[in-house]
Amino acid sequence: METVLAFVIGALYAAGLYMMLRRSIVKLIIGLAILGHAANLLIFTASGLTRARSPIIPEALSRPLAPFADPLPQALILTAIVIGFGVQAFALVLIHRAVQTGGTDDLDKMKATDT
Amino acid sequence: MKILLILPPLIPLTAAALSLLSWRWRSIQRVLAVAGTAGLLGTALALLDQVWRKGIQATQVGGWPAPFGITLVADLFSAIMVVLAGLTGLAVAVYSLASMDARREEHGYYPLMHTLLMGVCGAFLTGDLFNLYVWFEVMLMASFVLLALGGERAQMEGAIKYVTLNLISSALFLAAVGMLYGAAGTLNMADLARKLSHVAESGLVTTLALLFLVAFGIKAAVFPLFFWLPASYHTPPVAVSAIFAGLLTKVGVYALIRVFTLLFVQDVGFTHTLILVVAGLTMVTGVLGAIVQNEFRRILSFHIISQIGYMIMGLGLFTLPAVAGSVFYIVHHIIVKTNLFLVSGVARRLRGSYELKRLGGLYQACPGLSILFLIPALSLAGMPPLSGFFAKLSLVRAGLEGEQYAIVAAALGVSLLTLLSMTKIWAEAFWKEETKREPKQEAAIEPEPRASWSLLLWPIATLAALTVAMGVAAEPVFTLATRAAEQLMNPADYIRAVLGEGP
Amino acid sequence: MTSLILSTTTRFLLPLLLMFSIFLLLRGHNEPGGGFVGGLLAAAAFALHAIAYSVGATRRLLIIDPRALIGAGLLIAVASGAAPLAAGLPFMTGQWWSPEVPALGKLQIGTPLLFDTGVYLVVLGVTLTIILSLAEE
Amino acid sequence: MLPAVLSGFAAALVASWLHRLERETAGWIIALLPAGLFLYFSGFIEIIAAGDTVAVSYAWVPTMGINLSFYADGLSLLFVLLISGIGTLVLIYSGGYLKGHPQLGRFYSFILIFMASMLGLVLADNAITLFVFWELTSLSSYLLIGFDHKREGARFAALQALLVTALGGLALLAGLLLLGQAGGSLELSVLLSRGELVRAHPLYTPILFLILAGAFTKSAQFPFHFWLPNAMEAPTPVSAYLHSATMVKAGVYLLARLHPILGGTDIWMYVVTGVGAATMLVGACLALRQTDLKRILAYSTVSALGILTLFLGLGTPAAIKAAVVFLLGHALYKGALFLVAGAVDHETGARDVDRLGGLRQAMPITAAAGGLAALSMAGLPPLFGFIGKEMLYEAAYGSLGAALPLTSAVVLASMIFVAVAGMTGFGPFTGKKTSTPKHPHEAVMSLWLGPMLLGLSGLLLGLLPASVGNSLLSPAIEAVSGQAGDLELTLWHGLNPTIALSAVTLAGGAGIYAGREALRRAASRLQMTSWWGPARWYSLLLDGLNVLARGQTRLLQSGYLRYYLLIIIATALGLAGPKLASLGGPPGLVSWQEVRFYEWSLAALILLAALVAIRSRSRLGAVAALGVVGYGVALVYVLFGAPDLAMTQFMVETLTVILFVLVFYHLPRFARLSSGLVRARDALVAVTAGALITTIILFSSNVQFHPKISGYFAEHSLPLAHGRNIVNVILVDFRGLDTLGEITVLAVAAVGVYALLKLRLREEKSK
């Protein structure tokens, strides 16, 4: 399954980057969101997959039954998801305001600050 | 006193939380701004003192032994950076009291500033790669909001580029951390260093190193990844620009120096030569960008890029004196660049614009301010006997000793061009006669609170005095930088401080 | 827009959802759940209230500004981590008590739970701030 | 000695204040400092004439081998006395010349800084210390040349002088550092004895060229000479000080100082002599074309600097003797002439030699001073200039190999000097009285004192040359040549070929003076020279730099976010791609059979949703597709043992979609903005990047250097951390710090959303 996921992740990266390269600011942010999913899935995959058993210690035991999924990447991804959520929410409102003040969602028209 | 290691992120966080609670009382937030940053600076100095006397300090957060929990580590380099964060924070906090408009103050400016400092300090102190990612995000998120706070159109446009490109960097960083964990099974940097030092598949490690180089390179604004910086740094209020200019890219530089001295030293001939090439190109493109600009803050912004080149030049040379030069350069640069932005804000207040063609006459009207501009400006250009001269000197010398003549030529040439564009500001804003003000210009973009000049000038004067002191008494700073570089170039001490005398 | 059915349902659902969110928070240490999910659920409950009545009504119901919840949550999290510092232990070292509580048996109470409560409050405050601000737009 | 060197900097701090306190007499009071320094250093004459040196050293940055070390030998002392002596006169002069100027206080400060920097430069023993003072002279001269800062011309000239000298300065820095490496020390006094070592070093040639670049730019040698005449924008006292005795002589000082270390080789001789000769002739010819008093003097200074360089390049004992003697003579008469020019300008309001004449009645003292200086410049006995010129001829005549061309060139330059002396020292005072913008009076004492003293000293030294020769010049010559020698200066050498040459010079010079207007007319027809002259290169270079910078910046910082992204992605691909490709064959793929059907379906679902997100023309469609991607990812978490992740992902995804809808529901459909070609290019880049990621994952998931650390968490979660949900325990305990950061991010995001929605400064203002 790692192999399949490797391709899925690659495809998600491609899709996210492609959308970010569009001129529409809305596509840009959807692309960013897809990229976030891809990165999370990447961490999940890169540290190895285990089917079905979650890293929870059953009642009456003092340690989980092996084999169990690696809990550390899960914790990392959880952190990343939450951070991603915050960033996503802010970015959404940001582009909302940008579209409001600029009157367009075309990124090519937002280049006054550079030169 | 291991508590000193956690206080630098904790003090700003507490100040931020208290500011959020006192949302409606601006005066409390203002007091907290100064108290928090002063506390941070004090703690940072105490930490530096301790590391200087007792060597590298480490604490295991949560009491879990390394490498399982998160370790906070302070070697001299980290401690120096934290001191600089505190210094910049305090200077900008005081300056903000007089320069920030009330509306922004009411909408979270101070808590944002605290969290920015928290993220920066956390990044400097953490010994854990994923934790570094988290601190980066804290810092970034705060900087996103600070950049956009106010909602002006230019701010929006700048912020979109800033946010997008930095998020790309974060995604890349996160992916690289994930893959590194997948391969090496650990996140603690000292542990990683130990495990990576005897690895057969160094090709994969080098590939990952390159991903880190790109991810941190974006944050550090090196060639050709710097675009977000000139697009955005001149758009927010000047106090925000100043703290960004001083600290943000330097966190990227810090991360580069950290991982490329501690983790990725398997293939120095390839990676560090690459860094050296990047350094040269960064210097040159940055300074050329500055030459074109005709606006105070835009000139300064492009110079940040150019100076980043110097900072990583020492890393690319990868010798003890060179890395010491980099450390010295960073110290010098943070103080000087923050100060120049602060000066630009005063000029803006006096003349109502950042455009050079609308400035003028400041030399005649404000001789004191003129000196306060000349000191950091000439220091930036590497004029003796100011701090920038010794920073440049140490790098040039290390380059000559390493027989890397091309980069030395670039470094010297770029310093001449830096001088050119500093004198451009000087000639236009200070020497030139004051231009007639158009009535429209009077309607300043930000509502100006009642001026309190001493609050504006004290931070500038203090930072300028430090610039002079670092030149006239360069020896202590050099000794410090050299000791810091020794620690960086011999990671064994760092690893021992974190992991103890393990296998 | 406010329909009678929705508002009536909400009146019953809100306390129920809030209790469930606290349940999720408390059990998170042993089962799936935790402060983050709990906080989100609680925010969802208030969001439902805002839809059923109005944003103003929800703000009145909350009494305190959601932003104060964020500050309070952060402070609780910091305090839970800083408590062991007083004992000379590293930041965030877990401190545990197991008091006997009649009818519930022996409970495990520790600073990590307090920390998770801070997380809960922050998430609740954040989500509410975002949703209410956007809804007022 | 250190306090003496640094006293100028200290005085600069109080000069402005003193001026505010004592407007009338401040110049006289401040002049006490250089006068005191002159006396103090005069005390060294005896010690140094006896063959000793005076040295002090303080550690400055010992880590870098930088010491505040100073060292006075004959050469330094000669310069020190000129700097402090002429400095005294210039300060007094400034008080009169700039009387009533609102920024006179700052002027005093700059002059003092400049003087102290010059003193430091010529006394420094440590090469880096020397460089520090070197740069300080450039800097303070920038402020002085641009003193009249409201005029664009002054700003331009100041910048030009700074850029040219700073360019050379940077070369000099590199050269000095390499010299330190080659010679094993940065102390010049140590290096002086290691000349052999340095000259044999493989880096000798680059060192020499780098240092010469510094010396030549500073001393306005061809083709860098153009900044000096432009620097005449400065107030006249500055011109007198910088361009007679001090700043421009710093390069000459450096050549003289390093002669024992670097000199004596063929390459030194050819380069230094060649450049010096070119400068001498170019400067002299250009001087003739001018009508502005100060510009005439400036070009003749260029020429004189060329003479000094030329003779230091020759390096024979006679040449060095001649150079040192000429240096002193030139400083005295050129300083006097500049000051006279300033006094004339001050009193008449005119500086054009064609408009000046017959001033001797109105300004008798100034006229006398000018006459003395002009006689010395023309090389007439019994003035000191005569001795200097005679020695030049002698050395040129005696040089082997190129005696004839060299001697003729020097004679030609000297003839022009005679003419210049006539135009600047005699012309304005003799002949018919002309009408001038101001009605001329004799200048005040502070304006005539300086030129008079300088002119008289030229006469005195000419009459009693032996006194100064033995005590002051001999040690200087020894220091330059690196070997003991004795100097017998006499006014009268008897009838020999040099006397004949002097006569020829005088006759020729008189001829040129008489025919100067015809010559000028002829020269003005050659106006084109300025088209290809180095001043033109300077502006071309700056323009070219601007064009390059503009083009580069437009190309890179184009303002198009998608180009930025493309460049960044391309950089990542360009760096990591080749490295990955070099790792060898494709990583071993795991068998496909173990993949279950529902897993295939899930993968297909995610991919399909991503495709829909890309292709959808409606915003809501794209957002819904994004939601499906998110739920699909959550399902992956469900399948592979991550219930907490799945739960969080579901909730976050739902909330995100709601936010998207809240923000976007009223927006129109997507317009297709890019052409097909652009889309194909972007697709190619994106797919390549995706392929890179896939490859890295395949590589790294097959590689496991070390066992993971997670076993520890399973082991200790329950007993030590009291929790059964290991993920949660990691979040709130093992790695609680991450979570603390995470909730901070959330808090900041909420503040951001709130502030963005509520705070709209521009709109508020327009209301």
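For reference, chains read A, B, C and D in written order, and residue numbers begin at 1 within each chain.
We take it that a residue touches a chain if its C-beta (ideal position, glycine included) is under 8 Å from a C-beta of that chain, and two chains touch if they have at least 3 such contacts.
Quick caveat: nothing in here was measured; it's all calculated off a predicted structure.
Chemist: Average the CA atoms of each chain to get its centre, and name the chain whose centre is farthest from that of chain A.
Modeler: Farthest from chain A by mean C-alpha position: D.
Chemist: Can you name the chain whose C-alpha mean lies closest to the mean of all the C-alpha atoms?
Modeler: B
Chemist: Return the chain pair with more inter-chain C-beta contacts, choosing between A-D and A-B.
Modeler: Of A-D and A-B, more C-beta pairs in contact link A-D.
Chemist: Return the distance between the CA-based centres of chain A and chain D, expressed in whole Å.
Modeler: 50
Chemist: Find the geometric centre of each of chain B and chain D from their Cα atoms only, then give the gap between the two centres in Å, rounded to an integer.
Modeler: The separation of the two C-alpha centroids amounts to 26 Å.
Chemist: So how far apart, in whole Å, are chain A and chain C when each is placed at the average of its C-alpha atoms?
Modeler: The separation of the two C-alpha centroids amounts to 25 Å.
Chemist: Please list all residues of chain D that touch 2 or more other chains.
Modeler: Within chain D, residues 553, 557, 559, 561, 565, 643-644, 648, 652, 655, 659, 663, 693, 697, 700-701, 708-709, 713, 724-725, 731, 733-754, 756-758, 762 contact more than one other chain.
Chemist: Can you list the residues of chain C that touch 2 or more other chains?
Modeler: 30-32, 36, 67, 70-71, 74, 78, 81, 91-92, 94, 126, 130, 134
Chemist: Please output the residue numbers of chain A that touch at least 2 other chains, ranges allowed.
Modeler: If we look for residues of chain A contacting two or more partner chains, we find 20, 28, 38, 42, 44-48, 54, 56, 72, 76, 78-79, 82-83, 86-87, 89-90, 93-95, 97, 101, 107, 110-115.
Chemist: Testing understanding: with touching defined as stated, what is the shape of the graph linking the protein chains, line, ring, star, complete or other?
Modeler: Graph shape here is complete: every pair of chains touches.
Chemist: Taking the touch rule as given, give the residues of chain A at its contact with chain D in the complex, in rising order.
Modeler: These residues of chain A touch chain D: 1-15, 17-24, 26-28, 30, 33-34, 37-38, 40-42, 44-59, 62-64, 68-72, 74-79, 81-90, 92-97, 99, 101, 105-108, 110-115.
Chemist: Any idea which chain D residues touch chain B in the complex?
Modeler: It comes out as residues 59-64, 66, 103, 106, 128, 131-132, 135-136, 139, 142, 146, 149-150, 155, 159, 162-163, 166-167, 170-171, 173-174, 177-178, 181, 545-546, 548-550, 552-553, 556-557, 559, 561, 564-565, 567-568, 571-572, 575-576, 579-580, 582-583, 693, 696-697, 699-701, 703-709, 712-713, 733-738, 740-742, 744-745, 747-749, 751-752, 754-756, 758-762, 764-765.
Chemist: Going by the contact rule set out above, which residues of chain D touch chain A in the complex?
Modeler: Checking each residue of chain D against chain A gives 553-554, 557-562, 565-566, 569, 589-590, 592, 594-595, 599-600, 603, 606-607, 610-611, 613-614, 619, 622-623, 626, 629-630, 633, 636-637, 639-645, 648-649, 652, 655-656, 659-660, 663-664, 667, 670-671, 673-674, 682-683, 685-687, 689-694, 697-698, 700-701, 708-710, 713-715, 717-719, 724-727, 730-731, 734-735, 738-739, 741-743, 745-746, 748-750, 752-753, 756-757, 762.
Chemist: Which of the residues in chain C end up touching chain A in this complex?
Modeler: Touch list, chain C to chain A: 30-32, 36, 126, 130, 134.
Chemist: Along chain A, where are the residues that touch chain C in the complex?
Modeler: Interface residues on chain A, with respect to chain C: 54, 56, 78, 82, 86, 89, 93.
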